[in-house]
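Two complexes, one shared chain (chain A), two partners (chain B, chain C).
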Partner chain A sequence: MKAIKSIITNKYFLGLVLILLICLVPVFITSKYLMHIFILMLIWSIAALALNLIMGYTGQANLAHGGFFGIGAYATALLMLKLGFGFWPALIIAAIITSIIGFLIGLPTLRTKGSYFAIGTLCFNVIVFIAAERWESLTGGARGVIGIPQPAPISFLGVTFTFSSLAGMFYLCFFLFLITLIIKYRIVHSLVGRSLIAVRENEDLTSSIGLDTMRTKIISFVTSVFLASLAGSLYAVYIGFLDPEIASHHVTFEVLLFVVLGGIGTISGPIVGTIIVTLLGEILHFLDAYRLVAYGLVLVLVIIFMPQGIVGGIRALRQRMGERNS
Partner chain B sequence: MLEVRNLSKFFGGLRAVNDLSFRIEKGEILSIIGPNGSGKSTVFNLITGFYEPTYGQVLYTGEDITGLKPHVIARKGIARTFQHTTIYLQNTVQGNLVIAHRLRTKSGIFGAILRTARSRRDEKICLEKADEVAELIGLYGKRFLPASVLSQEEQKRLAIGIAMATDPQLLLLDEPMGGVTDREMGPLVKLIQKINEQGVTIGLIEHKMGVVMSISNRVVVLNYGQKIAEGIPAEVSKSKEVIEAYLGEDYHA
Partner chain C sequence: MDLLFQQTLNGIMVGSVYALVALGLTLEYGILNIPNFAHGVLYTLGAYLTFLTVTALGYNYWVAIGCAMLALAIMGIIIDRLVFHPLVNAPHLNSFIAAIGLIYIFKAGMLIIWGPDFKRFPPINEEVINFLGATITTQRIIIVVVTALLIVLLNLFIKKTMAGMSIEALAQDREGALLAGINVKKVETIVFAVGSAMAAVAAALISPIFLVYNTMGDAVILKAFVIIILGGMGSIPGAVIGGYIIGLVESLGGAYLSTDYNEIVAFAILIGVLAVKPTGLFGTRSH
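Right, the complex of A and B next:
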């Protein structure tokens, strides 16, 4: 009992230390370039965590994730620019809009299984991209949306937080990243999370024990696109500019790479994957478009040799070592 | 408790189940036997909503449940196992049983995110149920092991345990002894009897005749999707039609 307690307190302690260390990043890192990379890592981590919920835990290969990220980004930008909303209400309303669209798309597509679901959602992603490109009166077409304002400063307990600096933006993204992580962690470690995994493992058995598999999948899907929309909102206000490419299936496959490389169906996998691929992308910048070839190669190698990704691979390795020791 | 009326299921031209009527009385063990392909599993799939009948009705405690979804039927108190042992192999024994009691809890995703008192209570209820059922199926000592490392016979018991964790009134077992050696059958038979003694009505599909004859109150015999005999085990085993169905027409005792 004592041992269990000390591990738990340790875990929380470690987490707290890690959070504090990350909070100190903007204090010690003065390089604008590095801060930019860190902010992008946080935003894409949120998107990857979101995708992992429907894909890793519920077993439904959603290939419209980029589309939902884009819808969240565009909705936020347009709410702020055209209707004069502040960032926070825009963030929430955009997420609700994205969730409603996700629900409507999920209803027909989640009835299909396996590759049919993947194809159905991919088609939707292409539709979103075309809409972003052609619906000029709303989205600005191929020129995109320019001049998205930064979030206005907020006062909390007498302290004013501003988001005009890179540090402010970093804290904003880190805050939403933590919220996403907590939501994801709590879902996975609850009866709801167990239902998601049950659907992934065996749909027939799951419906035979009285769980509505369709409802379970819809809940997972809508939660996933809700979180994807948060990431999209952050992207919109951070970059300040959107073009249709941000809602395209290329975004889907990039986030997919983060999840698969890091470890599908694990909590930390998508974060690890995002960090590694983002760094890899920066290092391989000189390769330009050939980077995509490298990505493809990495993806194939991971799927063949480490189907559970880096985190899953390390876990399996540790398990094997443990067995050998005992 | 359960009544099947003129139940039929046609797959194209194949009449898998044809105009079948029978009842399962409260508290009994009713076995459904018949040669391979006689439609036994199809009957279970029709009762539990996995197939929709071509025509006919399924009545459960007087209520028409024909064509309802599997999860709705499970919530009404009918649990089933599958012919091929079906469990969550990746999960632990306890995990398998915890999720099987989820249908009796109500807390949803917001409860999970906010970790409300109700969601924590629901988790506790499911864990307690899991331990209780683990005890029942004799896997309490192995409840933290992954289901994949269990023996075939233990997996069979776990499959029954998953069904039992849903708190059923009627339990439909599809070949619980399939692929199990004669020596290992003892614990399974005892388990089924123990469950029955707890007041759970049991419908059983089984090929092992010794088991069927010893534990069933009544037996229904199917051949080519039709009922060819029904009655207490001693009568059925002497029936001419049954002997012919199993051994061919040339056989005369």
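Right, the complex of A and C next:
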């Protein structure tokens, strides 16, 4: 009995059950609209998980996240459309291009601290947006990029996977979502993860005990940018259309909202935040601009009264309950 | 040669606006450590209020500027009390995020009330003056003169009044100022009132030329951040000189290099400067 109970409450077992349940979603959900929302949730969760790595765990508020998401999306679309690459090579090459740009931007900006870094990266985001809007020969300017093809089917061990259906797209996004989650989990629970948190808590102290804080920050930044690019690629092939707005700092702010609301510096926080905001966004869609006012109010209220977000708040609450019980 | 002169005049005009916005921001950010990213939406709000007082209520342009300044000063104090003051002891990032929340609230709020379209002032001070071969409207001269006047007034306020001196004391030595019994909450109130009012004037001065619209504050606030980082946090001369430099670089860059990309010049300069000196050109403290 005890053994069964311990298996059921085991973290990995629960995770596995959850993954299986999510895999069954396309089988039971027939509504195209719901599937569309699930796919968007997965894509934005990847972006939010990526931002949380540099912002939540390393304490550096990268406000160019939307820019990197956009670079990934545009690079994928242009590689597929203009150079005829398939989806998978385009995905990888786009991520590499984005990472290189991220590395080059990280070198100067990561030397700065706090708000200087936030402003420096925000300026880069604006540059990316202006480039997407004005570099017409490459990006199509304000008209954007249209007709991005869907990923071609792939065969693996005799099974052919197609991505033309919503279900196929869902599995593709879920697959990359899991990879993101694993990468992030591995980093956070490794020595690198410890040094990231050390940098967040006290950078001067960390470097005084001989840790190369710059190197640590670069690793975190480039990984985060790499993952943001993956999310951008998925967005590009799923929506099939890109305009400069997808590379703007509004995207950054929206992903920031996901992370802050869910819980900065927690594994599940960004996912929870993405799910809640996406659902609220769909439910309150008819409110239009009032929805944005509500976003703003949520950001302000959460950061003042619950700076650890929903997941962090629940954790603190449970800790307090635990203390009371013992 | 005429083009150079004309663009220089334009640069000084735009630079005046940048300087006014940057002055408010450098007081809030450099002295109080509050990265008030929402300063830009207050600028936009100031433009709308001036516009409405002139068109809907039919008041004189100068009266309208006065009303907008007063309204914005009050708004600044409210924002500080409700949002930034509770976050004074929290990590720096939290104020930044709260400010982004404020941007959402104000921008969407203004979009709901006034819509997305551009609003044009009735003709104000449009007499053309020929000055050394360049043509310039009276409004442009007014912008430059009023800005210069305000900078002098601000300096007098800081050097000659008790309230102003407490701001300067806080800027020079925070702990010392606290030990001397300076009431930070009071200084915060003054700084937010003065800073927001300056943003209102800046917007009110430029909007008869550049129109009034929902996103008019976006680029200005970013440039103001660039200016105060370049000019040194909390430095009033730095904000003024930085403002004029960015205005001139942009205006001349737009004329001689590329009009498509002149907006990114300021941001590229910032990233370049941070690469060489992470605390800004004249900055000594790190935040």
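Everything that follows uses one rule, which is that the second predicted complex is superposed on the first by the 317 of 326 C-alpha atoms of A that agree within 3 Å, B and C clash if a C-alpha of one lies under 4 Å from a C-alpha of the other, contacts with A are read in each partner's own complex, and residues count from 1 in each chain.
Basically, contacts are C-beta pairs under 8 Å (C-beta built on N, C-alpha and C of every residue); 3 or more make two chains touch, one makes a residue touch a chain.
These numbers were taken from a predicted model, which means no experiment stands behind them.
Shared-chain residue A:318: touches no atom of chain B or chain C.
Touched residues of chain A were counted for both chain B and chain C, and C has more of them. Of the two partner chains, neither chain B nor chain C is touched by A:82. Shared-chain residue A:209: touches chain B; no touch with chain C.
With both structures placed on the common chain, the touch criterion links A:11 to neither chain B nor chain C.
Shared-chain residue A:143: touches no atom of chain B or chain C.
Of the two partner chains, chain C is the only one that A:130 touches; chain B does not reach it. On chain B, the positions that touch chain A within their shared complex are 48, 50, 69-71, 74-75, 79-80, 82, 86-91, 95, 98-100, 102-103, 105, 107-109, 111-113, 115, 119, 122-123, 126, 162-163, 165-166.
Here chain C touches chain A in the complex through residues 29, 35, 83, 86-87, 90, 92-94, 96-98, 100-109, 111-112, 219, 222, 225-226, 229, 260-261, 263-264, 266-268, 270-272, 274-275, 278-280, 286-287, going by the rule given at the top. In the complex of the two chains, the chain A residues touching chain C come out as 55, 59, 61, 105, 107-109, 111-116, 118-120, 122-124, 126-127, 130-131, 134, 253, 256, 260, 289-293, 295-300, 303-304, 307. For chain A in complex with chain B, the residues that touch the partner chain are 183, 186-187, 190-195, 197-198, 201-202, 204-213, 219, 223.
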